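Got some structures for you, see below.
What follows is chain A paired twice: with chain B in the first complex and chain C in the second.
After this line comes the complex of A and B, so read on.
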């Protein structure tokens, strides 16, 4: 609504050619971005697009390697979060910075030196004033833990506004909110902007970015690929604006080599894994896995896309038997297995390759040989009458190491001393051993070097070609599109759509990932 | 049974529970602050024991009970320092360090006692009490509760004082945040390390004072292992107290009652095997844990060392 400042006053904050590197990653690459007073600026981007780094630079958690940060046209350098606060920049982080066992007011008092008084009445007055600015009513004396997530988010904003009176940064502020709470949030932010504050609203949800933002900027792989004013987007119509932004966010980079086209769909075959109405036990802070429906045929690879942390891990664990099924059915080869234990499902051919490779996936201090047999402890021929057979175990390990080209000094080397790529090769060897029928791959190539990535992807393809069904969970859309026959998109613990892979799949999947409709 | 409820029996019982409960109260109040801030101090027993030794040594060599108390506090502090260094600053496992500290204090005090006192077994003279005017005239209650050493009154006074600190001061907020969500405290610009260090040192001093009281006013002499588990009972009291000092006081009195039953039953001339009676406090711990332990809401970050940037 107030996007016509440009050219008049200098922007409140200007990023000028700002670059930030981490080892091996160019997190922010020569970003130039203006934030104006009175404007809500929505920043869109996928996992790893560089949003968090940009926030860290603005809030004083990190310093840029190159480029400048200007406030009112003056170059500044924030050495600490406190310095950013003093410049009037308040941040609401993705992870709560409030203490659940304190009251709302007590949370706002936190941070003063202990010898200072609590200044109850002054704090309360300021709290009421800020709540009025936001247009919300919050119980000042209630325990924080008794508040709804939306109310807690408002308290976070009040806390950020306590000192940050010029720019308010919200990092994925709407991630855990109900839709009613999101519209409350929008109303409050609009009020703040009308009072002359600049707001940077960072999100991966396209509808919210379009609804909230006076201006929408898109980050991709560390670069600012586009910046559009709301007026500009509205002129072209909602439908077209969406398509353009989705292309900007997800389109295959021109440099990428075309992935081999996946084989045609397997819809006609009888499914080997069928999941109906699955609901599983999830913690309070996790997405609630609910209403999961899909089926998987022999030889088929079903990709699971979505922003990280939208229930992918919960789905994998529920299928593997590591989470209690509360409702629905899981059929493996026609047999209901939702009440079966992890080893019972494993014996029926269900395998789970975890993303927590050194945590639940292995015992890093144990030798390679035992890690290979972790899921078969007690089985012949490696154990006889409960007694370990070191020779059998060693021979098996030796054979697996050479068969899978695992680079290790020997079978007695502790697994933890191997490189990430070799650990993954070992875990793959373990999970694919025997007669798997369905394999769940959770981020199978995440954090691996290029060569091991290729090897792992090759293994997944080969398995599928030999008739094994696969569920491929990956935050990397390129990988999913290169390997899968169909792609399911997860958001907030549900599957929001299943798309056949093909030329249009990237657009459609991208649209589902950012919260549009297929 | 009627013969049990005589004046001397009730007086001995009440007086005894206060006397036996006081070291528990002092140590429990200290432990409570430490737990609030997120540090489980398993070394409490050792701190009490070193406090008892130092307190006795101070009082015996100087002739002043108050100097003895001071020495006891310093003794407890001396053992809290390594706890602070290892667990708060370096982030080592609190339980392992706590056990090590308790064992070291047990060994050290036993050795020192052997060298210094095993031939002479010195005793402190009987301690003078400070009868509170009027209140001490009340029958039974008066002599039992209001004719005691001044430290007893001070310790009880500490209960509302700490309650106020937790409820109405900024320091109380900081302590609770340090134990519940240290990252939030850090983000607010307050040092988690400093806050926890303060709590650990306070715990050491209070446990040392409790031990000193036990050795000087309570027993009048030092014997190796004389705390006999009081430190661990105090840890349980602090946990069950759920951050409220008044509960620690009530718990300390309850356990004091169990401990003093032995003497009181002897006064009453009732023959119960002493072994059975001596089991009472520990049976009481288990009963309490059974009924209230499940509801004890402990700070979320208890026993977890804080390092910036970790979740």
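After this line comes the complex of A and C, so read on.
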């Protein structure tokens, strides 16, 4: 199981000072990393650490801006995913690319060119051989939809191995699996490594990284901050190894000059929002929101941390009323609202700033003026007896545009032509209008320019200071720690712990995020 | 707000396919060794300039405008009600079955509106199943409304042949509404009141869709159902409402055609106007005013074209070729005008 590569042979893959930049983000910053044949390499990092970019570079989806990628000591440049595949690199992505209504074998034959044969017998033989490599049995002729998630994952791996015979990349492969399926996965990966394949296991779960990896590397803010061999980690004992890695993943960078401003104080009062045993309707591919308990006082900011996609969005939608409550209670100011509609909850002071700003939060083709009033269609004075009052609507839009410093030619400009920052200013203005009591901020600063980020954070503080309770969902732990009084951590659709913000909060939250106990 | 070049651009974008199709049709006529100039001249003369032809074109416009009004409601709400032909025909049969009895017992100012109301209701009811399937299970309404059209046509035939059959006639058809009991004519012409009803309905629909809260709600649903859910619109109710209004207006088109023109429905009658109006509504980009223009152009083309085709010794189907060409060029101009946008965004 431990690394057995010979010291002299060049590594299968070498990242040499690889840098990738996106507008405003240094996603990968001079990363140097070796992947050896026969080794399972676990790559850890929180949201936005640069894991996805690294995978994109390896699988040919993106090209590095600087630095080199070497295979067997030879510099290569992948111009396309196909080129990476031909070099023997197969990738299993976080989100399934299989077709549920086709059989396993048909899924494996997808993507072939028209001149390539449709002979099932050859495919079937290959499929059996690869299943043997993995040490699993899979029904070749069963519909994919009849398979368990663990089995589907194995089919994904078989598909990736079809051409990728040298390096297998798994991106958050264990996210949706049961613990039994995770140990099956581990057994299969170990077999593959023993046959001489290199495996890059990308995850945010520390226990799995430690259990799977012959080597564990940690990314933080685009930089490779540490790389440790399993032997090294075992020598120091599990507990200490964990603490060290959590520090590496989450600690405030030492270069930070100013400590974040303390959250505004608030007096503990009767909770304005109380959630008990909440369970909501969730799709098959979504985390199942269940057993949610928390309460929120006026003026309090409760941060919601966790790896992206662990039920944060489902929680926000369930609270806002966009998702059916299956069990439990949501009390707003002492009144049960779990059966109330979105507008009914809104009238009672519950607001939801969505993270999907253009996808659901607004209509890009519609003018700014109507986008500002999307949640109040039909209300006076903008509509009277159901008839639009263009003057009122325009005046309101004009006033909002100047009051919130939105850069736009005018109220009739289609919202889609605004910059992301200005769209968010507009949505913030819309949600905070009137008398909100509880505001759910979903990724309020995500993907915005620095100035708008400051502006949004300022708005959240100001609202809290005036007594508005807030649920702050953010992938950015620094932001959560800078703004929240308490921090809830979500994993797999549940709240796994709520931590008071303080000097130790970062460590405790970090531990919860990667799957440890507080 | 909208400046002149923008309006000219839009006008050009709408008219260009029409002109290109006519040019292409002319080439086809030349290939067939017919004179395109005299062909098109006949269309204009018989469909637009002659007194009788103009009246016929206007009469033909009435059901087309009502169908277009119904389609605008559905399309703006993002619901593809392609079942207007079935809704139209069923409503026509119900109208034809009820109208003679109503006219015999009630004064005409009550009998005619009642017949139209019944037509509206029957058509709306026919769209309730697709609406339910769409709202409850997300079943694609293109499929269900088309299917319901086939069922509707069959059911209409069945009704004509069995319960509503007029035993006095040899071929199966409903009782005939006496000419005196039909929709009144306008100013001594052959054009009936249905045209006024249709124009009013279309303008009302246009105003409601663009200027009222209800119209905005439907447009939000049409622009993005996710946004409709996010802002808390009653998506199920709006879906039923849009389907009901859309189908109801299609039913009204059927009623107007029966009460104004035919007075009866024969078992094999199915003008399938809906399929011809759908492209016109797209050509007009769901705009009520533009729809009036295109519907009238189309009515002229089909009324005048019948004579033109006969004179040129071509089958009536040649008009369908012209319509098809318009569609092809519509798609082409749409594609070409979308391309620079995509380049800018990409």
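Assume the second predicted complex is superposed on the first by the 492 of 518 C-alpha atoms of A that agree within 3 Å, B and C clash if a C-alpha of one lies under 4 Å from a C-alpha of the other, contacts with A are read in each partner's own complex, and residues count from 1 in each chain.
Simple rule for what comes next: a residue touches a chain if its C-beta (ideal position, glycine included) is under 8 Å from a C-beta of that chain, and two chains touch if they have at least 3 such contacts.
For clarity, every value in this text was computed on a predicted model and none was experimentally measured.
In the superposition on chain A, A:9 makes contact with neither chain B nor chain C. Shared-chain residue A:129: touches no atom of chain B or chain C. Contacts of A:194 after superposition on the shared chain: neither chain B nor chain C is touched.
By the touch criterion stated above, A:327 is placed in contact with neither chain B nor chain C. In the superposed model, A:95 lies in contact with chain B only, and not with chain C. Partner chain A is touched in their complex by these residues of chain C: 1, 211-214, 216-217, 220, 223-224, 226-227, 229-234.
Residues 81-82, 93, 95-102, 106-107, 109-118 of chain A touch chain B in their complex.
Chain contact summary for the complex, chain B toward chain A: residues 168-171, 173-174, 176-177, 180-181, 183-185, 187-190, 299-300, 311. Taken together, the chain A residues at the contact with chain C in this complex read 321-322, 341-343, 346, 352, 354, 356, 359-363, 365-366, 370, 374-375, 377-378, 383, 386-388, 412.
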